[in-house]
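What follows is a set of structures for review.
You will see chain A twice below: alongside chain B first, and alongside chain C after that.
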Partner chain A sequence: MELQQPFSLKRFFLQWEWMLVLIFVAVNVINMNLSPYYLDAEGLRDATMSFLDKAFIVLPMVFIIILGDIDISVASIVALASVVMAVSFQAGVPMAAAMVICLLVGTACGFVNGWLIVRFKELSSVIVTLATMIIFRGIAYIILEDQSAGKFPAWFKFLGWGYIGEVPFMLIMFVLAVLFFSWALHKTAFGRRVYSMGNNVTAARFSGINVDGIRILIFTVAGLMSGVTALFLTSRMGSTRPNVATGYELEVITMVVLGGVSTSGGKGRMIGAVIAVFLIGYLRYGLGLINIPAQILLIVIGSLLVAAVLVPNFKWSPRAR
Partner chain B sequence: MQSAEGPKFVLELKGIHKRFPGVRALQDVHFQLRPGEIHALMGENGAGKSTFIKIITGVHQPDEGEILLNGEPVSIHNPKDSQHRGIAAIYQHVTCYPDLSVTENIFIGHETVSPLTRAIQWKSMHEEARKLLAELGSDIDPRTEMGALSVAQQQIVEIAKALSTKARIVIMDEPTAALTKRESEELYRITLKLRDSGVSVIFISHRFEDMYRLASRVTVFRDSQYIGSWDVDKITNDDLIMAMVGREITQLFPEKRAEIGAELLRVENLGKVGLFSGINLTLHQGEILGLTGLVGAGRSEVCQSIFGILPADAGTIYLKGQPVRINRPSDAIALGIGYLPEDRQKQGLVLSWGIGKNISLPMIDEFAGTWWLDEKKEGSVVRDLADFVKVKAGGIETEAGTLSGGNQQKVIVAKLLGTKPKVIIIDEPTKGVDVGAKAAIHEIMGELASQGFGIIMVSSEMPEVLGMSDRIAVMREGRISAILDRDEATQEKILEAAMAANYHAQEPLRG
Partner chain C sequence: MKKILTAVAIALAIGGLTVAHAATTAPSGKAKYAIIFKNTGNPYGEKEMAGFKKAADEVGAEAILKAPDQPTAEAQIQMIGELIAQKVAVIAMVGNDPDALEPALKKAMKAGIKVLSLDSGVNPASRMVHINQADPERIGRVQVQAIAEMIGGSGEIAVLSATSQATNQNLWIEWMKKELAENPKMKNIKLVKVAYGDDLRDKSVAEMEGLLKTYPNLKGVIAPTTVALQPPLVSQPRARC
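Right, the complex of A and B next:
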């Protein structure tokens, strides 16, 4: 029996990820031609930081969508974690401890999602996270009502605005996170199990895979990463309100799906979603520079999304592994 | 073989070839269907029957060859086209809309509508559906939800649907595989009725009884090739088996008996509310313990609870004398208990994955290096396992979903063996498997037993239970009603233990 299919150049290039790279290059070329300010290194660098906060949630969301699930409560978790952190700090908790609380709140919220989904099998993840989306945001409003909280110590600004050498701190953290999540998804037994669950959860269970445990873990990690996003977002804004991060869940899901991760589960790769993060980020920045209204941008992103969902259905498309 | 003169045949296929990447699915296949006959199509899994059917129903186009419908050459472009030409197919796994009514299922795509308002004429459709069903001698209420019917009843509805489209050729793909004996009788009656009304039927089945009861002609495929067609009353059983497997099967069950060793597994008073209770079983090394009973008696549930899918809520499981707790399948696998599920496609395989990744799934931890999966090691281990069970496929990256049923079963066996179990639980090992693969699977089971594995075999096939088991446990209504030694077991005793109390309420076993 043969060990492997021979490497095929055609198959290699006919991947959705290459399509994304092409669009990414096209976006940059168009931006450069449209605005003389686009290629300004500092401007580009700062622009990168402005969309990187939510990118941290994209990474666990890839896992969730590969499982065939979805989590629309992430933005509410960001808000709740951020608000709890701010309120704790104002109540006298040291900032470092408040940051840990922020991450813990996120993790706890994620765990609640995972536990509910596993415990009540008749509920789909959309319904569960729709409910917790409302609940988490509601709690944030109860805690802070319609006010803002802030006055963080000066060093907290470093998270969202700081540089190490010439490189934004946030970008370094994001690259590390990408490496970790890609490794977990593509290079470990754990990742293999996640893919098997996305393809056939019954067969995965009969193969001795702890499907409930993995699901809870992944939703919990999504909560944790929402907490990380809360840190960076709060640091960038300098203060927080219960309505922060509104709409993040859809932006994050858009990036994941545009990245070629199939919503029916079991297919897609981390690299695609990461490319999609930068693609959407620079598209937004470039169109913003030449004063194109945000509505047009939405139409462009929506069209790309339709293409992303359609293209894998064509016959030539390779099956993601 | 006689040649066709005029429209002597309602359907004739000549020299059909079909290739898929890496596989020759059909090679020079011929077929002739006479008006008003039931024609049995037989062959092992993977012999090309399914591809053949897909060509007739327009799912695939032949690469070469000719299709004649009533003597006229035609090409069938798609399933709809095939339907328009009066061809209907009824599959083993009924393809229906479970939440819609029987009427809706029958008329889907050709509903009766009012000429004026285009509104659906429910009343006349229900009436028409009732008539069609009555023609088949069935009193199913056309307003029932399809999902509420048994598989057998759903098949009857499918046949009614074929009638409603005025089909002249009906293809039945293993319709009796999921039916009890009594339901099969009902299907025979309806199929004969269909024939008497002038419809030609192509009947695919692994069961000889089906063929003898129904068909006048039989065609055999083997290894994607046409082997021959015969009148049913002019061919012997042995010749037919020979045609199908290409060799003589002298004995159906391996004769060699394994040495029975020490106790391996014991369950005491195992129970799960609503499913079974007070189950006591012992399994020794080298022993094959048959577990039989009527469908629904709780056999699979007991096994799934030993494997941790349905953890028991009463009783104890002992492995080599030590009490163990099994709360999930990974516990069972770690203890050396393997389970081969009944439903290959749903429970056994990730169909969109290659053979290799399927086999390695339960033992994937073994390939975890310090940092990442050792895919090289995985590949070689998996290849050895696939070769050991003799999977026939292009390579280990061949998608499991493209394999034949017998090969899929082999992949699952390889997957099971990879976890190095001591106790193997096999749920209906040869359900829907052809004669040749059946013998191969029985041989593997005998081989495993002689190597000291303990095997629990759930089966509804009486000859298999009697032929393979060292001891036979019979279940009735969630309890064990008898444990018989190989020497004392007879078909009658097993049936008696399986049904005793409510003989009339339940369907008898397949003999």
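Right, the complex of A and C next:
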């Protein structure tokens, strides 16, 4: 829990989030210089839609990492939820109901994660979600084998490709989700309990906080948001297979860590992760515009992550304060 | 304060690296012809892209060669978006999925880009022309005839393909099945399984081992894709094209 300190302009600008804004601006300036096509409202808007699907998982992942936990099963939950939705739609379930099923499957998977982690305290969340990561994707493979399923109704495309006015529908939903999750983390007693659990879970338990309940709830919400990602991703693809969303868990965790959320728990803010989503998204897009090979792109993002882990160690030393 | 400057320096250094790289890829006034292949590290794809570049050079256009690191449609959708923004003249598409690229490619055509598919095609609504480098019917039929000869006319066979959405391979497999059903010489040959190795070496090897374990009487495998040319599979019983 952060101590109440008098407001200081200097400290306000010394936050990691400002550093991210700076890097974000730098990335954009560099991209503009690299490619004459970068600064194009329509191109930028449409590029946003290609990385926003996974951004929905970033929001609950911030909570999980603040708790000092991690969830690497989210991509498998996306695949399973997406596959179950497609299969139930093909079995004659109306599309709207299939979408609800998709969200329910995600939520159920998340609950299983949370329950296992709370029930078997000797196992770390990495181990538990590593196991469920394999199990969930395994189930997806059993259901659909190596086939793809799709042929969704035309209106389902709207989720991933539609606009309201000139704004992508996905972006609007993301902004609403960001507002809700920031509110829950920063403006409620629940959010403060999450921070206190991240700092010292034993102390939190003895202060009367229902630590197990909160953990289960947060992992369940992560499952639900993976279901949301499954909806958007499937809509963009128009069909699904058991191997969709491969590697999403690492991209999501990269965004959260770059956003200044400490993997040792208790530190970090929602806005940082949200800036990081756009930072990585536009960086990828900009480098894609100058047709940099996929592998070099991974190296650039890796370097950025190393910098993100190093820089706060410089900044949060007592002298810098 | 000094430390913050260090941090800024690190950030700028990363930026500097990317600028240095970009200097070698400055845009020119030439028309841009782009090709998107299925994935990187695919020997067949490298050849196809090299040929594309040569042909583009001959007509005086700038070739853009793109391939995602994973053979997925979602990565290709992102690349199509990047090419639309670069205002290329042509997108030549080797699709990872016949239908999933439709919204993205339609958008490209709307932006005035000529879209064609080759090798692994996309559905007709997503492109203007499709160029088939080989006759699917002959490929399918001849591969079955070849394996029939190799296994002596009877026994169980399997197919080890690329991805389950690869249009070209799926079409060839359709013709293999037709040949098996229609040709009376093939009546003793049974296709027991079509497996998909996604053109990834480790997955293909695992699928191949799975086939050998599940079907101990397996006499031959048709692998109508690039992994059949790569070492790990060459030690296995196979027929390749």
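Keep in mind that, in the parts below, the second predicted complex is superposed on the first by the 309 of 321 C-alpha atoms of A that agree within 3 Å, B and C clash if a C-alpha of one lies under 4 Å from a C-alpha of the other, contacts with A are read in each partner's own complex, and residues count from 1 in each chain.
Keep this in mind: contacts are C-beta pairs under 8 Å (C-beta built on N, C-alpha and C of every residue); 3 or more make two chains touch, one makes a residue touch a chain.
Source: prediction; values computed, not measured.
> Which chain, chain B or chain C, ends up touching more residues of chain A in the combined arrangement?
Counting residues of chain A touched by each partner, the higher count goes to C.
> In the overlay, answer first, second, both or neither for which of chain B and chain C A:Ser196 touches.
The first partner, chain B, only.
> With both complexes superposed on chain A, which partner does A:Tyr163 reach: first (chain B), second (chain C), both or neither?
In the superposition, A:Tyr163 contacts neither chain B nor chain C.
> Kindly classify A:Phe111 by the partners it touches after superposition: chain B alone (first), chain C alone (second), both, or neither?
Neither partner.
> Scan A:Asp40 for contacts with chain B and chain C and give back first, second, both or neither.
second
> Tell me which partner A:Ala294 touches in the superposition: chain B (first), chain C (second), both or neither.
In the superposition, A:Ala294 touches chain C alone.
> When the two structures are overlaid on chain A, which partner does A:Phe24 contact: first (chain B), second (chain C), both, or neither?
A:Phe24 contacts neither chain B nor chain C.
> Looking at A:Asn210 after the superposition, I want to know if it touches chain B, chain C, both of them or none. Which is it: first, second, both, neither?
In the superposition, A:Asn210 contacts chain B only.
> Quick check on my understanding: which residues of chain A belong to both its chain B contact set and its chain C contact set?
Touching chain B and chain C on chain A: residues 319.
> Across the complex, what residues on chain C touch chain A?
Contact set of chain C toward chain A: 1, 3-4, 6-8, 10-12, 14-15, 17-19, 21-22, 25, 27, 40, 64-70, 72-75, 77-79, 81-82, 84-87, 97, 99-100, 102-103, 107, 164-165, 195-196, 198.
> Taking the complex as given, what residues does chain A use to touch chain B?
Touch residues, chain A against chain B: 1-5, 183, 187-189, 192-193, 196, 199-200, 202-210, 266, 319.
> In their complex, what parts of chain B are in touch with chain A?
Residues of chain B touching chain A: 309, 328-330, 332-333, 339, 341, 346-353, 357, 361-362, 364-365, 367-368, 371-373, 379-380, 383, 386-387, 391, 393-397, 415, 419.
> Mind pulling up the chain A residues that touch chain C in the complex?
14, 19, 22-23, 26-27, 30, 33-38, 40, 43, 46-47, 50, 146-148, 150, 157, 161, 233, 236-239, 241, 243-244, 246-247, 284-285, 287-296, 298, 300, 303-304, 307, 310-311, 314-315, 317, 319-320
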